[in-house]
Structure formats: C-alpha cells, structure tokens
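Structures for review follow.
Two complexes are shown next, each including subunit A; its partner changes from subunit B in the first to subunit C in the second.
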Partner chain A sequence: METYLGIDVGSVTTKFAVLDSKDKLVFHLYLPTQGKPIEMVQEGLKEVKKQLPKEVNICGVATTGSARYLAGVIVGADLVKNEITSHAVGALHYFPQAQTVVEIGGQDSKIILIRDGIVTDFGMNTVCAAGTGSFLDHQALRLNMNIEQFSQRSLESTTPVRIAGRCTVFAESDMIHKQQMGHRTEDILYGLCQALVRNYLNNVGLGKDIQPPVIFQGGVAFNQGIVKALREELDTEVIVPPHHEVMGAIGAALLVHEEMSATQQESQFKGFGISEIKYRTSSFECKACPNLCEIAQLSINGKALARWGGRCDMWERAE
Partner chain B sequence: MVKVGIPRALLYYQYYPMWKTFFEELGAEVVVSPPTTQATLSAGSSRVVADTCLPVKIFCGHVLALVDKCDYIFIPALRSVKSKIYNCSKFLGLPDMTRAVIPECPPILDIDIDINKGKRRLYQAIYVLGRHLSRSPLKVRKAALAAWQAHREYKELMVNESLAPPQAIAGVTAEKHSTPNQASIALVGHPYLLYDELINHRLTHRLEQAGYRVLTPEMLTAEQLETAITRLTGQPYWTYEEEVVGSGGHYLESGVEGAIGVIAFGCGPDSLMMDMVQRQAIRLKTTPFMSLTLEEHSAEAGVVTRLEAFLDMIQRKKRRGAEVCV
Partner chain C sequence: MRIGVPHMGNLHIPLRALLERLELDFVIPPVNNRRTLSLGVRYSPEGMCIPFKLTLGNLIEAAELGADTMLMPAGSGICRLGYYAKTQEQVLHSLGYDAEIISVGVSQRKLLGLLEAIKRLSNNASWFKIISAFRFGLAKLNVLDTIERAVQKVRPVERIKGTANQLFAQAVSATEQADDYKSLKRVQKDYLEQLSLAERDESAEPLVVGIIGEFYVLLEPFSNMDVEKELGRLGVEVRRSIFTSEWTKFSLFLNPLGVNEKDRLHKAAMPYLKRDIGGEGWESVGEKVLHAKDYDGLVHLAPFTCMPEIVAQNIMPSTKENIPVLTILCDEQLGKPGMLTRLEAFVDLLKHRRRARVKV
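And then the complex of A and B:
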C-alpha cells in the first residue's frame, strides 16, 4: 500500500498522520512533546510502524510545526512546511467550502481566511500567548482537575463570571479573585473560556472578515467550553472536524503527496530504523562576529547532521 | 581632523549623504557606527528608560559604539519637515534623551529642525550647527547647499535606479537585480526597520532567496507617495507617513505579488498608519498583505513561519489562477 506520512511537531504535542494514495486517513497518533521533540518523533515512528500493515510503503514524508526543521532532518523529510499552510490544506481537504479556519494550539493560535478554496489572509498571535492550550492546562492543574474535567465542568455554568482575558497573568489573578469571592468553579471556568475567545477574536482575528463555515481545529478544540464560547461569540456555525487535533499533520501529508506526484521522485525517508539511532543535540555560541548567535547542532556519533540558529548561513553550510 | 560620529540607526538611512556632505564640506571626518549586531541591541537596551521602542534601543547602542571613536556625535531633533506635520516624541527629544542615558557620550551636535517656525529659523539653526566646525558663515552656507544637493541626488538615484538606501549609500549599481519580469514583493515601513537586518531578521535576504525582487518606499517618487496618501487618508499628520501610508497605498495597487508591512512593537504612529494600509488591502482584495510586528525576540521562528505562509499563499493563489485559465 502506498502511503504518505505527515508529522507535526508542536510545542506541546507531536502529531502523526498516515494517508493512503486516495488521501484517506489510515492512521493517526497524538503524543505529548514533553520538551523532547526528537525522542517523541522516534517514539511516534515506532508506534506508526507497529500499527500499520507490513506491506505499507511510505512514499513521502512531510514535517510541520515549530520543530519542523529538526524533525525534517531526523526523518529525511521530502517536504518541510509551515503550520499555517498545512492547517489550511488539511481543513480544505475535508471542507472545500470552508471560509475561516480557527486553530488554537499549545503555544500559538492562528486564523486563516479562505475564499473559493484559496487562502486569502491569515493571522497569528504576536507577542501574546494568552488563550492557548498551555494556559488552559495550567489553570486546570491549578484547580486540581485534568483538562477533560475542565471541559465538562465549564459546560455546567449558568452565570459565567467576567474575567479579563487580555493577559494570562491578569486572567489568573482575576480568576483567583473571583474564586475567593465565592463564585462557583464552573462559572469561573466558562468565564475564562469566554475571555479567551474574546481575546483571540480581538487579537488574532482583529480586522479579519470571519465568514461561516468556521472550522475549529487544533488541540484546544477538544475543550467543549471554548467551542461553546466561540459559537456564542461568533453567532455562527462552528465545525469541529473529526481528527481536528492532527489536522496539521494531515495537511502536511496531503502536501507531500501533491509534491511527490508532481516531481515523481523517490522519497528521502530514512526508514523506521531511525527510532533506534542515538541523536545528540548540543549548542554553542558562535564567536565569528558580534552577533554571538546561538547555534544548535544535531549529531550522530559525533558527526554533525545539521545546524541551525545563525543569522548568516555560515554554520548551515559547514560540514 | 575633527571627527563627527553618525549612528547607523533611525534617520541615518534617509539623510546620511546629506549629513556626510555637510560635515565633510566643513572639514570634518565622518565616522559611522558599524551595522547593528546583538551586542548593539544589548548595549542599548541596558541604558534606555522604560517604555522605549526597539529602534530607539538600537539607536542608543549605536551611540555607545561611537563613544571614544569621535569628537562629536551628530543627533538631530527632527520635529517637522513639512508644514503642520509632526514627528513622534521620541524623535523630538532624541538628543536630550541620549545625553541623559549616555553621560559618557562625546559632545552632541544637535539641531532643531522644525519647518513650522519658518525658513529663517531653519537657516539660523543650520548656521549654529555649522559654527561648531567653522567660523565662516559663508562656508557653512556653502556646505549646507552642497548637502542639500547631495540629498536630492541621493533621493533621485534611489527612484531612478530602484535602489534601496544601503545600496545607494554604498554606491551599488542597479545591474545586479535587473532580471526582467521578476515577481516582486513590496516592503512597507520606516527605513530603520526595513534596512536593519538585525531588527527584521534578514527579511530582504529571505525574500530574495525565495526569488522575489524587493521593492521599498524609497523607490517611489514624491508624487506617487502623495497621491496614495491623499487617496487613503487625505491630509497626512505624521512625519514619514509617506513611508507607510504612501508606499502601502501605492504598492497595493501597483501589481506586486504581495506587500508586507513592517512595524516595531509598541509604535503608536505606526499602529495607526499600518492599520490604514491593512484596511485598504481588505477593501481592495487585489494584493495579499501581511503586517509583521518586530520586537526583541531573538527567535526567528515568528518571522520565518509567517513569511513562509505568506509566500505559500501567494504561490498557491497563482497556481490556482493558472489552473482556472486552462
């Protein structure tokens, strides 16, 4: 069987999606990154190999997400694509009529505007990460519940409290204040969901013409409270697609399928064996100029595989 | 020979040939600080008062780089260059602020440039500035005229040869980038953002690597810029509004593949002006537009991801257009 693999290594989670030659999803996997992108890619690949039938042939691999270059070198990616394009392509595959894609992930959030099947505009959170998954996780932990309980409890709210969503630090002190005043936990939770949605629409969605159907993807779309608040705030249809959490990986797999069909080349995939290789990462400060760039290096057995982080190409070229 | 230092920041890109000519005509040697590095930024950041913007921090870093390298540092307070048009307060107080935060700075040659006070006052101010280097009013007058001539030639050179300020200053000729029919992307914003590679994470270089020709505000004529401002906002209010609203308005209707607005985080005037351009882009729906906010983050991911997505958007749109035609 001919398949295409998309790997989305985000700040908080690592996603895998395997599509067949007809672009049907055959397998997907959602793992926490835990600050160890290399190990998680290796572990994920092991799992992918275990779950797929023996006769499967990987005809193309693409990486996306914030660790896309690192993951790309490790697996031998045929395509390294930014997560905005990947998410748009993934959403359009399932919903060709989509006009808006809302994606909220672990550390960043995006909005993508689509008209007649092509991306016309996009936005990404700038200096503020308020309202992304990590913050919700942190708040759930503080209230001694897991994120699934957070999601359920927030739906039980009857009179949500007002919380300042402009800044995570302020939101947290606001939440503590309300809790000390005696407000019910579910009202505080849903109030937080509303605040985060408002913050998202006022920051990332500022000046964007949001038209239905709105596709909501990314890990935060698991959170029923946020989905409900987004529906209420936009007063329009919000679709949470199945596999919304791996949509970036699906998009990447679709893109590499497209690319491989166009170029007719053999995949550079290094095989499932890389799960066993010991990779070493290190970093050093380049002293060649006053910029003092922090160069990160990936190596196997003392041999450098790739380097990043320079303001010039000096280390990327170096053997 | 007296050495006059000029920081390679803020207004440098607009006026360097003019300033250089003026001081050299008066017999001084001009020293320019080296291009911005991480060290420039760190040094500048450690000195400034709270709530200063990134370009001003970098400016202070450049001043620090010139300490001990020159006898004077030239820092103009540019209040207004057109009638009833005003500049950001950080520009108005630049010499005073520098004096306060960098006490070891060599004597600052400052000049108040405010066209609202009339030409006579401007000439007086130029004379007062020149007197530091020459006692002869005639010599100062001659230097000022030569400086003005150099400025006009510099501006014309950039328009006629489609050169960006660093190339025009370095005396690069146009042949290097004259591939015909090359797709182009316009950068919209102030020169101290567009030509400082540390601030903008080598934006121009990245676009050129991707095969695009990069167009910038300085390549447009004064008429083109004014027409665009009139169309978008009517009467300008801010100094250098043409760099944002003028060039943005022009490029959005000029047939470029896309336009990128570049602003520094926390810049008040720019947040208003770039919004005008963004709104116009949404109204027109013809040219893809993206605005990039630059701050002190040393990680390039923010800029790189946005840029990759923007270029993908342009390419996929183009490819789709070609498919529909077939």
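And then the complex of A and C:
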C-alpha cells in the first residue's frame, strides 16, 4: 500500500498522520514532545511501524511545526512546511467551504482566513501566550485536576466569573483572587475559558474578518469549555473536526502527496531504522565576525549532519 | 577631537571615505552585533524603538574607542528621531563619557546641515575640499546600491543558494577599499558582471514582494533579521522602497526625482490619509495603494512602538487597492524562528494567490 507520512513536531506535542494514496487517514498518533523532539520523532516512528501492516510503503514524508527543520533532517523529509500552511491545507481537505481556521496549540495560536479555497490572510500570536494549551495545562495542574476534568467541570458552570485574561500572569493572579473570594471552581474554570477566547480574538483575531464556517483545530479544541466559549463569543457555526489535534500533520501529508505526484521522485525517507540511531545536538558561538551567532548542530558519531542559526550561511555550507 | 558615527546598513563605507578625505580623526564602531544591541537596550529609556537602541549602542561603542564628537541625524518634523541626539547625549554623559553629539538636521536644512557640521569639524577646510570628499562618498554609496539591486534580482533565482550573498559581501569590502573613482568604477563593473554570470534557474518566475515601512529597519538588516536574504532564500524577488543613496540624496539635496517619488506616494495615499503623520507612515500607505497591482505582496517593516507605522498599519486594511500585507514589528524581542514561520506562510499564500489568478 502506498502511504504518505506527515509529522508535526510542536512545542508541547508531536503528531503523526499516515494517509493512503486516496488521502484517507489510515493511522494517527499524538505524543507529548516533553522537550525532546528527536527522541519523540524516533519513538513515534517505532509506533507507526508497529501499527501499520507490513506491506505499507512510505512514498513521501513531510515535517511541520516548530521543530520542522530538525525533524526534517532526521527523517529525511521530502518537504518541510510551515504549520500555518499545513493547518490550512488540512482544514480545506475536510471542509472545502471553510472560511476561517482557528488553531490553538501548546505555545502559539493562529487564525487563518480563507476565501474560495485560498488563504487570504493569517495571524499568529506575538505578544502573549495566554490562551494557549500550556497555560490551560498549568492552571488545571494548579487546581489539582487533569485537563479532561477541567473540560468537563467548566461545562457545569452556571454563573461564570469574569477573569482578566490580558496576560497569563494577571489571569492567574485574578483567578486565585476569585478563588479566595469563594467562587465555585466550575464558574472560575468557565470564566477562564471565556477570558482566553476574548484574549485570542482581541490579539490574534484583531481586525480579521471572521466568517463561518469556522474550523477549530489544535489540541485545545479537546477542551469543551473553550469550544463553548468560542461558539458563544463568535455567535456562529464552529466545527471541531474529528482529528482536530493532528490536522497539521494531515496537512503536511497531503502536501507531500501532491509534491511527490508532481515531481515523480523517490522519497528521501531514511526508513524506520533511524529510531535506533543516537543523535547528538550541540551548539557553539561562531567567532568569525562580531555577530557572534549561536550555531546549533546535529551530529551522528561526531559527524555533523546539519547546522542552523547563523546570520550568514557559512556553517550551513560547511562540511 | 575624535569623531564617531552610528551605523545604518552600509552607510559607514561612504562616511569613512568622506572623513578620510578630510583627514579627520574618527572611529567607526563595530558593525551592529549582539553586544551593540545589549548595550543599547540596557541604557535606553523605556519604550524607545530599535533604531534608537542600536544607534545608542553604536555611540557607546564609539565612545569606548575614544570618540568624543558624534554625528547623529536629527531634525524636527520627522518623528521622535528629532530628539534622539539630545537624549543619547544625556545617556553618554550619565555613563561618564564627555562626548558631544552634533545633530545633523536632515529634514529641513537638507544638505546644508551636514555640510555645515562638517565644515566646522574639519577646522574650516575649503568648500572645494569638502564637496569633493562628499562627492566621493556619494559615489561609493551609489556603487553599493547599484550592486545591491542586482543582488536582489539574483538571490531568488540563483542555482547555488548563497552565491549572491557571498558576492555582495565581497563587493562591499571591495567598495570600502577602493580609494579613487577609477577603482570604484572597476568594482561596480566586476561585481555586476559576476552577478550576471551567476548560474540561475531561467524558468523561474519569482514572486515579487515590496519591502516598505520605516527607513532605518528597512536599511539595517541586523534590525530586521535579514528579512531580504530570507525572502530571497524562499525564492522571492524583493523590491525595496528606500535605498540609502536615494534617501541621502532626498534628505540632503532634495533631489528632484526623489521629490517626485514622494509626491506620487502622497497623492496615492490621499483618499485614506491626508497628511504627514511623521516617519514614513504616509509613504507606507501610498506604497500599498501604488503597488497593489504590480507586486504579489508587501512586507511592511516597522519598529515596535513606532507611532507613524502603527497608524499606517491600521489604515492599510481599509484601502480598496487590495494586496496581501505582512507587518513585522522589529525590536530586540523579535524571534527569528517565529518570523521565518510567518514569512514562509506568507510566501505560500502569495503563491496560491498567483496560481488562482492565472487560472481565472
């Protein structure tokens, strides 16, 4: 069977999606990155191999997410794509009529505007991470519950409290203040969901023409409280796709399928064997000029595979 | 007396030529680097923009090298830049440097401000000597800009990535070393020829993106994270609205061509913005209106906290001339990976847009 693999290595989670030649999702996987992108890509590949039938042939691999270049070198990606494009392509595959994509991930949030199947504008959070998954995880932990409990409890709210959501630090202190005043936990939780949605719309969505249908993707779409708050705030149709958490990886796989069909080339995929290789990452300061760039390096057995981070391309070209 | 100057792109090369010809004692501080930025950030008042921070860092580094007389552009009517020289002088004094900053009025007095300052500094050298030194400096500036325009065209289509950047780096140092008109001319000819010989992908039809916005962040690659190189790497041909030589000519000579160009931009902006709001805000709106048809997209660069550009940014979405604009706010908090993600997504957006237009 011909398949295409998309790998989305984000700051908090690593996602894998395998599509067949008809672009049907045959396997997907959602793992915590835990600050170890290389290990997680290796572990994920092991799992992919285990779960897929033996006769499966990987005809193209694409990487996306904030560690897309690193992951791309490790797996031998045929395509390295930014996560904004990947998410848009994923959403359009399932909803060709989509006009707005809201994506809230672990560390950043995006909005993508689509008209007639073409991305016309996008935005990404710049000043603040309030409203992203990491913050919600942190608050759930502080209230001694897991994120599923957070999601359920927030729906039980009857009179949500207003929480200042401008910045994570202020949101947290405001939340603690409301707790100390004796508000019910579920009302605080839903109040937080509303604050985060407001913050998202006022920062990332500022000045953007949000038209339905709105597709809500990313890990945070698991949180029923946020979904409800977003529906209320936008007062429009908000669709959470079945595989919303792996849409970036699906989009990447779709793109590499298209690319490989167009170029008719063999995949650069290095095979599942790379799960066993020991990679080493290191960094150093280049002293060739006063810029003193920080260069990051990926190597196997002392041999450099790739380098990043310079203002000039001296190190990228160096053997 | 030892003169010190701040950096902006490659402006130090013509400045060096000018000061050398006038046989003045001067220092050029190290080109913008992380230390310059840290110094500038540490000693700047809160809320200042990246041009202030970097030039302050330059002046501190010049003072460390013994400079006691600094040249800084200034003038009322542009933006806060009007009082940068005074503020920076106070910072230098509080750091214990007994330095004087000579503000060179570039807005109202044009050429005269700089020439008079130089006349005074050069111990009353003859006007002939000053003007001929000045001409040589401008000639270097022109060579640099001519070569850079060629580089912008080669970057997106070169077969071996990095060729144009390497040639440009060599051309810059060759221009710096050239010490008469003849060798300067040769540098220009040599490098234009080498660039034209660079192996390129003839079938490529690169996207064309205009770079607009505030002049310092446009002209100083360190402050905009080399946005032009990165776009070039993504296969995009860059057209920049401002070049140092034009900016200098305009702000110094009131060059007739320069005036026309600005008038054209103001006229285009008229339906949306009727007056100068400082900095290049008016021009930015005009650029969007004028280039909506001939470019695929615009990258709008603005220093964080820059009032004129923020106003322009908020006016731009309402123009009926439609072209995608990506605004990038530059300051020391700008992260390169985040910027690259946005640039890549923007380039994808432009590619799809062009493809859809071709189909229709």
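One rule holds in what follows: the second predicted complex is superposed on the first by the 319 of 319 C-alpha atoms of A that agree within 3 Å, B and C clash if a C-alpha of one lies under 4 Å from a C-alpha of the other, contacts with A are read in each partner's own complex, and residues count from 1 in each chain.
In this section, a contact is a pair of C-beta atoms (placed from the backbone, for glycine too) under 8 Å apart; a residue touches a chain by one contact, two chains touch by 3 or more.
Bear in mind the structure is a predicted one, so any value in this text is a computation, not a measurement.
S.K.: Assess the superposed three-chain arrangement around subunit A: do subunit B and subunit C clash, or do they fit?
M.R.: After superposition on subunit A, which the two structures share, subunit B runs into subunit C.
S.K.: Touching A:202, do we find subunit B (first), subunit C (second), both, or neither?
M.R.: neither
S.K.: Quick check on the superposed pair: does A:290 touch subunit B, subunit C, both, or neither? Answer first, second, both or neither.
M.R.: Both: A:290 reaches subunit B and subunit C.
S.K.: Could you look at A:85 and tell me whether it touches subunit B, subunit C, both or neither (first, second, both, neither)?
M.R.: both
S.K.: Quick one: is A:311 in contact with subunit B, with subunit C, with both, or with neither? Answer first, second, both or neither.
M.R.: It touches subunit B and subunit C both.
S.K.: Is A:124 contacted by the first partner subunit B, the second partner subunit C, both or neither?
M.R.: Touch status of A:124: both partners.
S.K.: Once the two structures are fitted together, what part of subunit A is touched by subunit B and by subunit C alike?
M.R.: Comparing the two interfaces on subunit A, one with subunit B and one with subunit C, the shared residues are 66, 81-85, 118-122, 124, 126, 207, 289-292, 311.
S.K.: Could you list, by residue number, the parts of subunit A that touch subunit B in their complex?
M.R.: Its residues touching subunit B are 66, 81-85, 117-122, 124, 126-127, 207, 209, 289-294, 311.
S.K.: Using the touch definition up top, name the residues of subunit B that touch subunit A in the complex.
M.R.: 37-40, 197-198, 201-202, 265, 275, 278-279, 282, 285, 288-290, 293, 295, 298, 301-302, 304-306, 308-310, 312-313, 316-317, 320
S.K.: For subunit C, which residues count as touching subunit A in their complex?
M.R.: Residue list for subunit C touching subunit A: 30-31, 33-35, 161-162, 165, 169, 222, 226, 314, 317, 324, 329, 337-338, 340-342, 344-346, 348-349, 352-353, 356.
S.K.: Can you tell me which positions in subunit A touch subunit C when the two form their complex?
M.R.: Residues in contact with subunit C: 66, 81-85, 108, 116, 118-122, 124, 126, 207, 289-292, 311-313, 316-317.
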